[in-house]
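As structure tokens, here come the structures.
The following pair of complexes shares a single chain, chain A, combined with chain B in the former and chain C in the latter.
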Partner chain A sequence: MSAFKPLPDLPPPANTVGPIGWARSNLFNGPVNSVLTLFALYLMYLALDWFITWGLINADWFGESREACTSGGACWVFVTARITQFTYGFYPEDLIWRVDIVFALFAACLIWLMVDRSPAKGWVAAFTLFLFPFIAYFLLRGDAFGLESVDTHKWGGLMLTLIIAVVGIVASLPIGILLALGRRSDMPFIRSVCIVYIEFWRGVPLITVLFMASVMLPLFMSEGVEFDKLARAMIGVVMFQSAYMAEVVRGGLQAIPKGQYEAAQALGLSYWKMMGLIILPQALKLMIPGIVNTFIALFKDTSLVLIIGLFDLLAIVQSALNDPKWLGYSVEGYLFVGFVFWAFCFGMSRYSMRLERKLNTGHR
Partner chain B sequence: MADSPSAEQSTKTKAWNDPAIRAIVFQVLAALGVVLFFYYIINNALTNMEARGITTGFGFLDNPAGFGIIQSLVEYDETYSYGRTFVVGLLNTILVSVLGIIIASIMGLVIGIARLSSNWLVAKLATAFIEIFRNIPLLLQIFFWYFAVLRTLPAARDSVTLGESFFLNNRGFYVPKPVTEDGFGWVWLALLAGIIGSIVLARVSRLRQTETGIPLPVFLPSLGMILGLPLIIFLLLGAPLSFDYPVLQRFNFQGGVAIIPELMALLLALSIYTAAFIAEVVRSGIEAVPKGQTEASSALGLSNGQRLRLIIVPQALRVIIPPLTNQYLNLTKNSSLATAIGYPDLVSVFAGTTLNQTGQAVEIIFMTMAVYLTLSLLTSALMNWYNNRIALVER
Partner chain C sequence: MNATNSAEDRPVIIRLNGVNKWYGSFHVLKDINLNVLKGERIVVCGPSGSGKSTMIRCINRLEEHQKGDIIVNDIPLTNDIKNIDIVRREVGMVFQHFNLFPHLTVLENCTLAPVWVRKMPKKEAEEIAMQYLERVKIPQQALKYPGQLSGGQQQRVAIARSLCMNPEVMLFDEPTSALDPEMIKEVLDVMIELAESGMTMICVTHEMGFAKTVANRVIFMDQGQIVEENEPNEFFHNPQNERTQLFLSQILQH
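The block that comes next holds the complex of A and B.
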């Protein structure tokens, strides 16, 4: 009697494993799904076919004027010929290095802060928040330290978009924290002032806020006090944004367990010590994804400043499209602007999702 | 001996260390600050306006406007007052918001469900749609549809046409206009009766189900009452409805209903942009219902339809409704971007043209903001009420 020897396992049927098996279970499981798949493939074929032949194969990339566009496809010359203007607006060309330094410094700080293991994050954060804005202002605006002055109405393009968005978010964070603390305070008057402020700005569209900032602000100021257009827009954006920021901060504050407040009070800490040392450091960490999300919303909303006559990225492309020498390239122009905005927003939203996952594990 | 005064002091808190007193002091200071701030800006505004020769008050609303508006839901021409322009703008805002909300909800629902599809390709396409459209500024999308798509359509003479009754050209979209004739009121009445009838039927069915456990058939009879009854009346009366078709005249189309390209571009952009957000809301709502609920309802022997209607959708809605209303509100506020392409909404007509003509900045901005503010406060009040109601049902 020989011992029982099982036959070796047969390999699974060829159509249940590998790419074929995957396609069968994910794309063609059932008649409805098969039809949907074929339909989706057809749609993708149409879109990609158009885009690749029009936008890549038949496209013209470099040149000086529209005469360079001869192959009948997309005319990216429109974008490449004016890329300097789209990035820096009407900033004097020989001074562009100043903008570049600001961009590079800012990018370096951000990367330093985003990489998980970089040392001395606190110092870099402090530098970015407190010192960098002054350096950036003097480099961009000039008029001090022997730097040539550049008026803000010459700022434009992607540079202006980034400046408004970053100033909006950085300035609205401290105001938002104060408003959120006020909204959760026990003092009835302060609480109601904060609630009225927050609900008011959250209830009106940004466009009316910008209108208000550009039309009404000069009326509210006493004789002789004047802001330029950019400053007015920024004041509007910051007032508007701080209300949204306050709600994000409030969300973070509410996520801190009550025991933390009670423990801080039991230790005899004062209100500001309790908030500054115990509550806010924990809450701010929880708020980062929310802050990034409001930043994305603000970044998209900066395009509205074109309505009050500032030349951000969208506005500058829009005005270039009306240039008689370049009429008829609106699809290329809008695709370019759309891609730039999309790349920024999508990148930030991915980053915020990654952060959310990271922070989630730390708190469970 | 030296200890006793300090011991006494420590039992009796000093005034500036008493939280109650401090709170009062802080609030009085804050109130003073607020009052001073408002005094400052109001005082400045009054002086500045006087210096510029602007009269304050709402008297300007009765003055004749003297400018035309390309789309108006109520009677309007140049001779009407500025007050009328406010109404026209408000109605146009409401029109685009309501249409946008309807289209965005349907699109968002479809895409949100598609994102959860078991079909890999469909799910990925839906994800791509969401990620593309919610990461591009709305204003850019409006510009794209308006300047790059609708304005480059053929002229009226070479319109794209469907069955010689729908026409699409760079002046807008022309559709036949239904014209009701005598006796059509009975059809509306029949529709109303059908709706009331089906509500009553649903009530009776629910009562019977709680008593005997056996529900009455509801769906088909309701469909019959709501659709069938008006249809029968309509045919009995001899179809009292005709269509006014758009006809190409010398320069443009006459008759029918013209949808101006501004409205189309705004609607397209608003609904696609908002649909991307609504799709995410719908997806998270459906995913929030635990799988155990599906399994438990199958174990109870509920059919597929019953499971969706009685178990899944009510629970998903609880998660979906609050962010959904938020999106509706956003859409309404975003409709103010109309001013960038010249669609005559409230901001464009009133805070734009009217403000430029009259110079009454404070009053006009105040009225415009008040409209949006009322809308959003009403909505959030409604939401709080709804949330409270739902919280009671929850166990």
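The block that comes next holds the complex of A and C.
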């Protein structure tokens, strides 16, 4: 009897691996694609060349007024001179340190939670979710602990954008999960309530929701009852987005095989333990792209609050463009707004991709 | 096996009394009567669609029966969630497709239910889990994820996971049907070892060799009914019912 002897493994042909192999198979795998690749490279060169000359080399960066813009390129002075207003809106300048503390604290918590090896993640997460909102509220709003009161109509700019977006994101995910579970529930009453809620809020445009919240709602309330406009807008955003979130979550729940439910039940786990320990961790992992997609859409949708007279980043830059002293710099203004929105959205997108890779345990 | 001699003094652990079940208007289980004694090893076989899986899934209420009584360990299975939870704690189940939790390591799969359902301290649960993983001969895989294991290894983990709850009864729903031929033996070996340790087992399987080796009783089902039941020697060599003879001639031909 002859013994089985496997052949040795040989390295692959040299031009199929590495950067050359990649370029051959992706960019130059045929005459048409080669021409298209070269054409695209040329277009990219044109665009970048224009932007770098106009926006970086020939640009003016600092100054007090438009007189500082002399070199004919982009006038970033418009942005830098007003950066405080773009960031904090009409927040009293001597109290801006309070906003800075909130930003710094939030950033510190986020970084702590994102770094893989940081200790005591549970406590930091609990702090961020349960304690931080109160700290942030009292610091920003004041009117307690001897802090001077700052009314919410003075909030604006990037600060307002971030507040609405973060509140929207943090609140809509858990509400969305509960709605999705409710929609899949066996109990007819709960199921109907969730379906009606989701279908109603998904069916109306966000602008309508915000408009109703700011114009219609006060009409129904009795004289003298004031309900903060920003709070109304935030509730509107949360209700609207949680309906979207619910459908994303439902999609993820349906992707979990029945066997996972059965195995959890067979081990004696109760409904909530089964959901919390087995189903949702897997479903949420599958749903990361969908969830982050919704987050990004929400982040950009916050600029719709300008319709009810709140000055988010976009609105405040727009109003600055109407300032007679700065007429004619709308390209710079919109590029700046676009860049800030893009930077946050891109950050979320990259983080979600990292999270997906980290959580991938060789599924099934 | 000397099981038949001592059968009379052992308590009945599972009692199915006139159990009926319908899927919509389709009558899947027709008047099932079955008593399982403590320590008994029962193999259920029959053609596909005969209701064998449905029957054992009724025993831990993964399926609901509509008529008749199922009593497990003196606890009747009704809509009472509390009873269902108690029964599920005492009845382990192994599935055809393993159904391990892919987001947890092998060890976490095994400790999850003891920690969250039995409220066992994590340390103790891990020690017990390692004992059972050793018993199914894969302690060295404890920190891997199920996706990194072969089918046979996954199924052995699934058996260990059930055993960690220290159940009174183990249900096996075609545990080797989804496995490559090379891996069937390693799973059957574990099951035989388990049977020899005195566990009460109900196995839906087509492994007739396994039935001959360990079963006290073989049950043949067709069209939702128990057609024939007997001890394995009689069952295989002297089947009484025509339907059983046909089934056996088909599966034992090769």
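Keep in mind that, in the parts below, the second predicted complex is superposed on the first by the 277 of 364 C-alpha atoms of A that agree within 3 Å, B and C clash if a C-alpha of one lies under 4 Å from a C-alpha of the other, contacts with A are read in each partner's own complex, and residues count from 1 in each chain.
Basically, contacts are C-beta pairs under 8 Å (C-beta built on N, C-alpha and C of every residue); 3 or more make two chains touch, one makes a residue touch a chain.
This one's a predicted model, so the numbers in the text were calculated from it and none came from an experiment.
Peer 1: Touching A:A231 in the superposition: chain B (first), chain C (second), both, neither?
Peer 2: Neither chain B nor chain C is touched by A:A231.
Peer 1: May I ask you to decide whether A:L105 touches chain B, chain C, both, or neither, giving the answer as first, second, both or neither?
Peer 2: neither
Peer 1: Looking at the overlay, does A:F189 come into contact with chain B only (first), chain C only (second), both, or neither?
Peer 2: first
Peer 1: Per the contact definition in the header, classify A:Q265: touching chain B only (first), chain C only (second), both, or neither.
Peer 2: second
Peer 1: Just checking: does A:I256 make contact with chain B only, chain C only, both, or neither of them? Give me first, second, both or neither.
Peer 2: A:I256 contacts neither chain B nor chain C.
Peer 1: Could you pull out which chain B residues touch chain A in their complex?
Peer 2: So the residues of chain B touching chain A come out as 23, 26-27, 30-31, 34, 40-41, 44-45, 47-49, 117-122, 125, 131-132, 135-140, 143-144, 147-148, 152, 333-334, 336-337, 339-340, 347, 351, 355, 361-362, 365, 368-369, 372-373, 375-377, 380.
Peer 1: Which chain C residues qualify as touching chain A in the complex?
Peer 2: Interface residues on the chain C side: 60-62, 85, 88-89, 91-93, 95, 97, 99-103, 112-113, 116-117, 145, 147-148, 161-162, 165.
Peer 1: Over in the complex, which chain A residues touch chain B? Could you list them?
Peer 2: 26-27, 29, 33, 36-37, 40-41, 43-44, 186-190, 193, 199-200, 202-208, 211-212, 215-216, 218-223, 296, 300-301, 303-304, 306-307, 314, 318, 321, 330-331, 334, 337-338, 341-342, 345-346, 349
Peer 1: Taking the complex as given, what residues does chain A use to touch chain C?
Peer 2: 257, 259-260, 262-270, 273, 277-278, 281-282, 285, 359, 361-364
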